[in-house]
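Next come two complexes built around chain A: one with chain B, the other with chain C.
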Partner chain A sequence: MKMPRFVVAKGFVTVLISTWILIAICFAFAPSSVAPGALSGSLPFAAILAIVGLGQMLVVQQGGFDLSIAGGVSLAVVIATHYPAGDSAYLLPAILIAYACAALVGVLNGLLVGFVRLNAIVATIGMNALIYGGVFAVSGGVPRITTPLLAAIAGGDTFGVGHAVYFALALLLVVTFVMKKTVYGRRFEAVGANPLAAASIGLNVRLHQMMAYVLAQLLFCTAGLLIAGITSQPTAFQGDSLLLPSVAVVVLGGTSLLGGRGFPISTLIAAFFLNQLSQFAFAVGVPYSAQTIIQALALGFGIAIYSIHLPSTTKEIIKMSNWEDENEVIVS
Partner chain B sequence: MAVVNKSEREAAPNTCSQDSVILRLNGISKFYGRIRALSDVSVAFNAGEVHAILGENGAGKSTLMNIISGVVRPQIGIIEFDGRVVSNLSPETAAALGIAISYQHPAILDDLSVLENLRVSLPDEVFSGGSPRAIAQAMLDQVGLTVPLRARSDLLTVAQKQLLEIAKALAIKPKLLILDEPTASLDQDGTDMLFRRIREVVAAGTSVIYITHRLAELRQIAQRVTVLRDGRMQGSALVADVSDQDLLAMIVGRSLGSAFPPKAGNAGNINFSVGSLTGQKFSDVSFDLARGQILGVAGVVGNGQSELMRALAGLLVSKGDVQLSGRPLLPHDLLHEAAFMPSDRHAEGLAASLSIRENAGISALDKFSRFGIVDSKMELQEVSDAFRSLAVKASSIEAAVGALSGGNQQKVVMARALLSEPGIIIADEPTQGVDVGARAEIYRILREVSAKGIPVIINSSDAAELEGLCDKVIVMSRGRVVETLVGEDVAEARIVAAAVGALTHVDRQESSHARAKVSNWRHFVQTDNATAVPLVLVMILLGLYVFGQNSHYLSSFNIGNILMLATALGFIAIGQTAVLILGGIDLSVGPLAGFLVVVASFFVIDGQPPAVILLGFAIMIGLAILVGLVNGLLIRFAGFTPIAATLAMYIGLQGCSFLLRDSPGGYINGTVVGWINWQIGPIPLAFAVLVIIALVAEYGLRNRRFGWQLRATGSNDGSARRIGLRTDRTVVAVYISSALFTVLGAIMLMAQIGVGDPAQGANYTLSSITAVVLGGTSLRGGRGTFIGSVLGTLLLTEVLNAVSFLGLSQTYQYVFQGALILMAALIYSTVRERAAAPH
Partner chain C sequence: MKLSYRKGRVALAATSLMLSVMGTAAMADTPSWCGPKKATLALLDGFGGNSWRLVTTASGKAEAALCPSITDYQYADGQGNTQKAISDIKSFAAKGTSAIVVFGDSGPAVLPALKAAHAAGSVVVPYRVNVGGEAGKDYTKFIGSSFKDDGVNWGNWIKGILPNGGNVLFLSGPAGNSQGLDELAGMKTVLNAKYVFINPTPFDVTNWDPSLTQQVLSAEIAKNKKIDVIVSDFGPSLVGALPVFKKFNRSIPALATSDGNSLGCFWKDNAKDNPSFKLFTVATGNDNVRLAVRWAVASATGGVLPTEKIFKAPVFEDSVSGKPSAVQCRHDLPGSIYLSAVMSGDDQAKAVNK
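Let's look at the complex of A and B:
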């Protein structure tokens, strides 16, 4: 039996080739969009999208959705800016408070979805509104200037690359390592890929589902803290614009919305791809409007490629045809 | 011997007169891939006769029935009905010809009431010429089913559903009636009643095809019998002319073509014993097993065997005494000790998207890891070793497990089981869907495992397999052990005889009379509109409280204001409700509403002639239909999930809005706005329209065919298709209707903002879902209420309005909104669970 160490996923190949093509097109038609200046300006935002994408990916792997990402990111932003109010000495407690809140939100989401069995969309819409209640309680809806220390940590750059990018890469390493190399991660993927099978070998399905929401909120919180550092005066609605792209990068990265295996590296590349697509469109003078249309098309195209993999309708028909005789499983 | 054997088969149909033949099958063959389900089956069914089809599980009976009822098409062969050749038989044409089928697993839709189930699956003509309720009641009386017509079908027992299924089949007064193991869940009374009905319809000239496993029943009811084995006809005969021995000889004796390993010679000490184990669908099961022995569980499918296997694996709760090597085990211990090999590998055996290595290694990760980190080398080594000893054939150990053949998939399941070093192995149908070559290897492996001292328990519906493999076999019928065979007695004929000859019937407490009564309170809570009461109460209390704080709250102006705001969301929520009832979701409604307003801002503006304004409305409707159509087609024919399709649409539509206008512009025609905002006292006309539409939609949902189809499709797509509904068409139509309701919402929104603003509208997506959930529609599909959605919209708007009236900060606006939706979701789900639970 041949045993190659690495098997390349279809999603990875797709997203990587698309990205190379995009970069080539950028060099050919809009060199300004790949100039060092433009890249150093846009990469931190790609990095933030990648981080929330990783969080959303974990939830999607469990067949769920976290719409409270908007609230989660915004809450971290306002806690990090309003609590210290410009005084760097208060930054550390602020960050700890932010993570504590994120963990609490994640546990509540996870309890509602994993244990009470509420629909993930309903539970996280409700939770999102509650978090926004908290956002307004903290900020009163007004932005405040970020602390210098946070601006240096999150917004600074080393070797010409914004720190956010290093954060994203580090988190990518952590997520990849945990998911691919640890017992916990392997079980997590197995639960997502087939909860019934996981239950039949005695895994605690609900607990794994809950943990997806907790880990996702911690990542959303990290993204919020980075935004608070990069943006000089972040608003209370900073997270709203990340909701749909976070799902889009997960889908483009090849993770199935039905759950299962996650593709962290592909998700990160997809975040870069989506970001660069906007940069390209911007550089060639396409208005903001057309950019989102291009994104929608890219998303639709991505889904179409992956759904060829799952001939759901034919499977159902075959299932139906031997519905009556449970023994007669002819499909193998 | 009067049995017509294989060589004389061609002549068999001619033994009866030509004109009485209703259905004639000639040389029917059906293949699934390489596997042959039926080959060259020729049989004729006569009017006024009960024709039994006999055969073991997997003999091809159900495939034959599916062909006759039009669900499956044969590759080869001719179907003649009433002397005419029928090509392209579909469920609809079969029904039109007068072919009715009662499935063994009833195609009853749980979310519909008994009456609605009858009405959606039967043609309207059946109910013409009288009150539909009275006609439906007569149908239930005919089969002795005593449940209220209004009762929701998920409250019915399996037996009651079976009777309802039979009532449906009888109702169309069929020329050909197919009954697929109708008595499997019926008690003695139910069976007697059914036989009386069958005799009546047969006397009236109907041809009945009766599928059964039970010889005793065959003798009671059938005139003619045809035996299938391995997808081939073994013969046809008149029941009166054939003995039980002859029939058994035809049923059994299939060639397996694979070798069995030698059985355990001398039994060792008892190392696994079960004493009076009782659980769901089985009771009082006892057996013990000596070291080195394999136990087989036999019986007709659905007699409690799979539940017993699950209980032994610790996956179902059971009571009784289980001992492994003298150590008592509780269900919790069983979950850890037992390695379970499920019968449905796709559903719960394997994670098809993960690799072979990942699937095999998952249950033994603790063994391969240090400090929680998996040692990949060790894992690879152990998994490879296991695969080598099991002879798993795969291109690579990293290949997706879904790509393997059935036999190799089963070996991966076995590898997983063995790697976890289990105390006991529970294999449910281990060779189902496995090719002949791999079967022999699976038998060998099971025997080796057993020889090592691990007790092995196998459930199989294949008696020949049990004969070859097992040292001891228990035969189950209706959840009880009816025979325990050991040594020489472990023979296919003995097993089949015990399984088909069993006379046990379902206990009376499980019968058709239990749980028939539903109290009024329970019934009301069960209805989809029950949420109206708490919603209205909360609205009134909230209104009075705010009025107490600020007397302007109930002013005509403010009420008009609330209603006006609610109307835009209300229309969109109605569309969303229909989609959610279908089990889908439409995320694109918000941006669509915004986009349509932007489109309107080019046509419906001051200074344009009426023709252009009308054209604008027509374009809005046309675009909406297009959007709904694309959503529906992507979901139904391109394999997109509803979320993915409508999310892409969401982003795209937002882009289109900005493409048309990059900043607000185009003031909406004042006269049109005046018309839209027209009020009678505090009540806007548009709100009245909304209420009327909601009431009409609600009425249609409960009382019109399209409403039943919608709920049937959302309730269970597969069952809806089996009763002949065109679910694809329903889905596309509902997404289009959702977009059309969004047009109405957009018209209201247009009047509110008065200008084409590309940034508006998107938030209506989440608001509409919030309002609908608040109203009591569940996202699981099948159930919903338009009235509730309008009330939910009103409550949501009222709360937001109250927050500003009470002078509260925005914090409260969000907190109230979030608390409302979460509380509603929690309360509705718990109340429904309570109400659905048995007394």
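Let's look at the complex of A and C:
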């Protein structure tokens, strides 16, 4: 079978075209949603979604799901706001504690899924409940004001662009480089694509699977720290609203839920797409129910374009009818 | 571990407060709503997990402590779980608690439990959230809060600062919440067609979530060249969102909302750079519970029933007239306390902090 030398991933093309179409629609029907001020207000939230999306992508690449993202993000938020209690001098230790907790949660998730072989959804839902115990222990469920230093680092902007966007781009570069250009990254994708084949050539499948959960939690933690800085009085449950979008951007970005190759750039664009979609719905000024429907339809449409490949689907149908004919011959 | 330590400390502080208040109360006049009959009281919360609830709970406890006839005071948190809220109500009724004050977050879902407790002989006073049913038959008395009144107060202030009309942006919580609808109805009684609501009807949905509020507000600012006044029923959630105006090189407009220490301090820090930033707040309503406790205690101990039947949140701050109070800010206390409450800021800080 002949393969072209340079292949562009279908997910990338799809999400890019969808995003361009969305931007065109925004310019035509809701120009305010693409005004510079509106973008600088909404891009930090797209950046946060992109970061959790990258984390979720790593886990999905190993054929898993990390549903403890809600707890992971919320825990980072409450540690970063409650431990320093407004005093910037305590910010660094707070950040270190947050990352240490995230790494611990990641290792536990990884052990449960990679080594004990629990179902990823079950294990991470359980872990999520456990983390929320931690969230309550730290905060009592009560929000606290962000420290000025964290607000300046995460919520400030340079050249009119929020710092969160720079964080997302930097993390994108790191994840892309590690996954595509290092031996570790290539092995990681190989293990995700076919664990049995990877094991037979001597790769440590379980360790790679565990590392996916650890890295994901570290990325979730980063997102939580950014949220803590961007919203001045974050609630203790800030991660809840990120659970479904984090999976959505991975799927929209073209990463297969069965595992294998990851598409970091597409995931980032998908995060921008989803965020812009809600900005569009806000800007059009339709009732809340219609906003929700627009978002759901666009998401369904995006996934449908990606999943249904017309020529191959037609071939499949023809093949199936042939197969039935052949079987009929055998039966008769 | 930390949590129980904190709870212990709060309980200890509250007990000592109760004892000292009881001691002095014995000498001083007891309030008229506190009758001679001995009684026990339970405060049952549907959800206790935010600073507003902590301050409210501490306020309820302080009010109960004013009456020496209350021999035992208990608190239970439904943790946002309707099942637990129902079982809390039932178990306190079964224990024979004489008076039960309920924050019925789940609405009519807790009504059957309230009915059962009432039938079993307890005084039952739901407050703030409408649970349906009928006072006197299903429970003793419902002490609601007049959100419509808040709307009227906001509307009158808006009329004062914008006599020739203007563009109003109204933000509330989850879609269709009755608080937001009542507030809008209140504003509509005062504001005529010269005042244009530029949000989607009936209000912009924010879920009272600071991050969603921020996103909604930046979309509205981009869309509307002219916003004269923002109305929000949860002022502190705007603190993270208002700086968005700076990104558009626009001054923060006037704001009619509910109070919060973080908001007051934000106004103090930003009023100079934002000439159009006027602030008007109504009390957030922590003291709604005090009226409910008075009704419950009066009914259970044979005291004089209060004349007020509904809690009207008083106007608190007005940066224009300075009446009844100028904008207040205590930088030394947590941002998440409410200086409008009867309870002192320092005592609230103790209730809120670990």
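The criterion applied here is as follows: the second predicted complex is superposed on the first by the 295 of 332 C-alpha atoms of A that agree within 3 Å, B and C clash if a C-alpha of one lies under 4 Å from a C-alpha of the other, contacts with A are read in each partner's own complex, and residues count from 1 in each chain.
FYI, a contact is a pair of C-beta atoms (placed from the backbone, for glycine too) under 8 Å apart; a residue touches a chain by one contact, two chains touch by 3 or more.
Note that this is a predicted model, so its numbers are computed, not measured.
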**Message:** One more residue to check, A:I145. First (chain B), second (chain C), both or neither?
**Reply:** second
**Message:** Tell me the contact category for A:P287 with respect to chain B and chain C: first, second, both or neither.
**Reply:** both
**Request:** Report for A:F167: first if it touches chain B alone, second if chain C alone, otherwise both or neither.
**Result:** neither
**Message:** According to the stated criteria, A:G41 is in contact with first (chain B), second (chain C), both, or neither; which is it?
**Reply:** second
**Request:** Please work out whether A:F272 is in contact with chain B alone, chain C alone, both, or neither, and reply first, second, both or neither.
**Result:** neither
**Request:** Please indicate which partner A:F188 is in contact with in the superposed arrangement: first for chain B, second for chain C, both, or neither.
**Result:** neither
**Message:** Taking the superposition on A as described, I'd like to know which of chain B and chain C A:S32 touches: first, second, both or neither.
**Reply:** second
**Item:** Per-residue contact with chain A, leading partner among chain C and chain B
**Value:** B
**Prompt:** If you stack the two complexes on chain A, which partner ends up touching A:G300: first (chain B), second (chain C), both, or neither?
**Reply:** first
**Prompt:** Given the touch rule stated above, what does A:Y213 touch, chain B (first), chain C (second), both, or neither?
**Reply:** neither
**Message:** Taking the stated contact definition, name every residue in chain A that is touched by chain B in one complex and by chain C in the other, in rising order.
**Reply:** 136-137, 140-141, 287-289
**chain C contact footprint on chain A (complex, rising order)** = 30, 32-33, 35, 37-38, 40-42, 45, 85-86, 136-138, 140-145, 157, 160, 227, 230-236, 238, 241, 278-279, 282-283, 285-289
**Item:** chain A partner contacts - residues on chain B that touch it in the complex
**Value:** 32-33, 35, 37, 57-58, 60-63, 65-66, 71-72, 103-105, 180, 301-302, 313-315, 335-336, 339-340, 342-344, 346-355, 358-359, 361-363, 365-366, 369, 372-374, 376, 380, 384, 387-388, 392, 394-399, 405-407, 409, 416, 420, 429, 432-435, 461-462, 585, 634, 636-641, 643-645, 647-652, 654-660, 662, 717-718, 721-722, 758, 766, 769-770, 773, 778-780, 809-815, 817-822, 825-826, 829
**Prompt:** Which residues, counting only chain A, touch chain B once they are in their complex?
**Reply:** 1-4, 6-7, 65, 67, 112, 116-119, 121-123, 125-137, 140-141, 181-184, 186-187, 189-190, 193-194, 196-202, 244, 247-248, 251, 256-258, 260-261, 287-297, 299-300, 303-304, 307-308, 310-313, 316, 318-332
**Prompt:** Given the complex with chain A, which residues does chain C contribute to the contact?
**Reply:** 1-3, 6, 48-51, 54, 175, 199-201, 205, 209-212, 214-224, 236-237, 239-240, 244, 247-248, 262, 334-336, 352, 354
